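As written, the chain order gives the labels A, B, C and D, with residue 1 at the start of each chain.
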Amino acid sequence: MTTLDTPVTGVLREESLRRIDVDDGYVQLVDYMGAGDLSVVNAARVSFGKRKEVFDDGDAKLIKYLATHKHMSPFRHMQFTFVLHTSEVVCRQLYKHQVGCGYTSGEFRESATVWNEISGRYVEFPPEFHQVEKFRKQHKSNKQASVADEIIDQNDKALKIYQESLAASFAAYQKLLDLGACREQARMVLPVSFMNTLTWTASLEAVANFIKLRDHDGAQLEIRKIALAIHDLVAAICPVSVAALLAPRH
Amino acid sequence: MTTLDTPVTGVLREESLRRIDVDDGYVQLVDYMGAGDLSVVNAARVSFGKRKEVFDDGDAKLIKYLATHKHMSPFRHMQFTFVLHTSEVVCRQLYKHQVGCGYTSGEFRESATVWNEISGRYVEFPPEFHQVEKFRKQHKSNKQASVADEIIDQNDKALKIYQESLAASFAAYQKLLDLGACREQARMVLPVSFMNTLTWTASLEAVANFIKLRDHDGAQLEIRKIALAIHDLVAAICPVSVAALLAPRH
Amino acid sequence: MTTLDTPVTGVLREESLRRIDVDDGYVQLVDYMGAGDLSVVNAARVSFGKRKEVFDDGDAKLIKYLATHKHMSPFRHMQFTFVLHTSEVVCRQLYKHQVGCGYTSGEFRESATVWNEISGRYVEFPPEFHQVEKFRKQHKSNKQASVADEIIDQNDKALKIYQESLAASFAAYQKLLDLGACREQARMVLPVSFMNTLTWTASLEAVANFIKLRDHDGAQLEIRKIALAIHDLVAAICPVSVAALLAPRH
Amino acid sequence: MTTLDTPVTGVLREESLRRIDVDDGYVQLVDYMGAGDLSVVNAARVSFGKRKEVFDDGDAKLIKYLATHKHMSPFRHMQFTFVLHTSEVVCRQLYKHQVGCGYTSGEFRESATVWNEISGRYVEFPPEFHQVEKFRKQHKSNKQASVADEIIDQNDKALKIYQESLAASFAAYQKLLDLGACREQARMVLPVSFMNTLTWTASLEAVANFIKLRDHDGAQLEIRKIALAIHDLVAAICPVSVAALLAPRH
């Protein structure tokens, strides 16, 4: 078992390095399996019947060859488990990555009480929503995108509208519950900015695909920051493979 | 190609049979591939080098054997494509089925404009949200569930709260856009009840798994109705396989 | 590559067009789902609530955009079912493609008799193995590859060794059965060149991945020919998508 | 089934415990990720924002609930990497499990030399094939199966035929290489009993599916023994989950 206390080839020794805060959420690497770049070459050379313990230049060459020629199976044995805490709007982007990964999410925190009850515990949650600090301007030509550095003129006014809208939605939710409505219908008024927590387990190949697809200009800034955090956590463990998989043009 | 105009073994000849309305959305079977139950046995007997054209009792026996002994690969060649129009809350349940299927969803209808522009078209959408008609009572012992037949006493009052909350959220969204805020941040105030449309392609095995998991007492009524609609659309095409895959105890 | 002269979104009307012979086996497209390139753009624009019936320039532009930016989900709704008849050595390469596809293979033809018996039929198979016609020279620098155009000097002698070896192996197999040994152990002496038949169902994305990985200089010539046959069968149905997905550098 | 006497959530401390010999091959657990049964319940309760460190009765109850109601996603975060050394005939069964796992296999050991050369190393392999010790009798009514306890009368004679056939096939392979034939064609004469080594990484859910499908009367004895070995290695790490997932009737 690879516990994170036992460094393998990586440099991820400090507990504090394992969690990266993003906006008002976080990405935490809670576990990983494999000896980093060494695992990739050991899988590729499995027929030799010998597992290497020290990574050398020939191994780096082999990893580049594998990535360039899209021999991806050796990249599927390094596995990572993250806990992400972020808004549902961002979670949805993650749900869309199906290949080579699995995730378990709460829905609304309330719904998690089903596990609560089965195991005889009970926890109450305060409402929690994504907090915007600065509203970015709409991109002129790309209707889906924002302009990263430009804040709208009336940011304070927008923040007030935002906060009041979230508060009003949550108040409506509570009023519906007070009238005896079931949670599964009442929650329909809640905003998509509610915070969710999910466990995401993905292979090195799947992680690299996610980063490639989400770390670029057209992606929503919030998801892009998560992609960057995931990159930093994983690149600390298998730097050669991550660089090879993210190299342009293959 | 199996177009739905050309009956294979199925009975799905009428256009009207292909779409089933659920609540304020719908499930539409837009295409399928394979000759129903015959495809399953033809796949299982692929080594014989001969494809049967008529389904008989021996074939029914074989399908039961395959399902009971969990030889699932022959059920992966029948494929179905559905278009679903339903609230995002329900779509989320569908995103959680990863195995043997793929889906493409709009996000908010606004975001679909990126395709619009690339292909030189432009369409505007009116806001659309899930409409509740009757608020069901909260289940006493199961905190996640509702009571299907019991409507809350003050249903009219609840409906008013619901409608006003949705309207207020959408008004806040528009105000944020008017202030120049980007869509990707402004939409954070929109409720999870916004209507989404998605294309879902799944194998017969994946469809049966979905129905098994979602058509039961504990499931949200809205998703359960979708599972039933999908069941009816698929059972019309491969009745023997659907019955065998959904039989209790395997 | 040659393409078949069938209409882009139309039905493959001629049975003969759907099957391409390769070496001593074949690739047969037995079914497909979707309206070719139109299905891709209809999935991408699912939020619009309208399905297009005619493919135009804007659609071609959209498909290029999707492929270049790796928005792959719209390519997962076109599905193809092939029956391949080829040697087990080649089948093994196909088994390695896991993502977005499913397959059902016979094992040895004998083992297919389990289905036989369940459904009350019985068929006997003659032994069948891959026939080599020309032995290619070993590639000098790439130990895994052959030289496509260079035949060894003593081809006749090699063919004789080859045939005799296959015949001897099969004779040993039969002797073991005659001694009462079970099939599952006796078959251990059979050569990997035994012919297998399999049903392979794959999405357009998965098919393109397969072609990309197998149609290149380093691939075994036999598998490369299968990749080319699959290319021709699929490109006849969705030429724009296939070209976009196989374009170099993304 | 025997279980290994290692602590439930602890580290497999003894190298020797991690490898189980089967016939003339072996199954080795080379790595795993997660804290056993605790990982399952921590994933299921991810919304609570707290990871438990001690497993209690409520957790066991929750795991049974998850397995019975087929909430499988929490079982996808425990991951295991095995190295298997066994005959290609048995490997083929493993290739057929696609969902929730990835594998990297050598092909013929010779072909592994491509990695050799890229990384500047070279290793030669002696020929290695599966060794039969006792030929089991063919099952009377099930044409695919053997009778586990009954050895054929002329076992010695059968063994001689077997060994001579393998030796003759390998000799033919070498003669073809001596004539200059490429490896990829020459190997066509090699028997399916050649020994292969592969790295298999699979989630707890995928491992349980594999065991369920392969550990039963109808399965080939050689693959069944591998399923049992995998069971013992995994049950030592997450006994509650393995028992729940393999319980009859769900």
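The rule is simple: a contact is a pair of C-beta atoms (placed from the backbone, for glycine too) under 8 Å apart; a residue touches a chain by one contact, two chains touch by 3 or more.
Remember, it's a predicted structure, so these values are computed and weren't measured experimentally.
Engineer: Where the contacts of subunit B and subunit D overlap, which chains show up?
Structural biologist: Neighbours common to subunit B and subunit D are A, C.
Engineer: With over half of the numbers shared counting as same, classify the subunit A/subunit B interface as same or different.
Structural biologist: Mostly the same residues.
Engineer: Compare the CA centroid of subunit D with every other chain's and tell me the farthest one.
Structural biologist: Following the centroid criterion, the farthest chain would be B.
Engineer: Between subunit A and subunit D, what is the separation of their C-alpha centroids in Å?
Structural biologist: 31
Engineer: Measuring centre to centre with CA averages, how many angstrom lie between subunit C and subunit D?
Structural biologist: So the centroids are 26 Å from each other.
Engineer: Taking each chain's centre as its mean C-alpha position, how far apart are subunit A and subunit C in Å?
Structural biologist: Comparing mean C-alpha positions, subunit C is 36 Å from subunit A.
Engineer: If I count partner chains per residue in subunit B, which residues reach a count of at least 2?
Structural biologist: Where subunit B meets two or more other chains at a single residue, that happens at 73, 96, 100, 102, 107, 111, 116.
Engineer: How are the chains arranged in terms of who touches whom: line, ring, star, complete or other?
Structural biologist: Topology of the interface graph: complete, with all chain pairs in contact.
Engineer: Mind pulling up the subunit C residues that touch subunit B in the complex?
Structural biologist: So the residues of subunit C touching subunit B come out as 11-12, 30-35, 39, 41-49, 51, 58-59, 61-62, 65, 73-74, 76-77, 79, 81, 83, 85, 100, 102-107, 109, 111-112, 115-116, 118-121, 123, 125, 196-199, 201, 203.
Engineer: Enumerate the contact residues on subunit B facing subunit D in the complex.
Structural biologist: Going by the criterion above, the answer is residues 69-70, 73, 96, 99-100, 212-213, 218, 249.
Engineer: Mind listing the subunit C positions that touch subunit D in their complex?
Structural biologist: Spelled out, the residues of subunit C in touch with subunit D are 87-89, 92, 95-96, 98, 102, 107, 110-111, 113-114, 116-117, 130, 132, 135-139, 142-147, 152-154, 157-158, 161-162, 164-166, 168-169, 172-173, 175-177, 179-194, 220-222.
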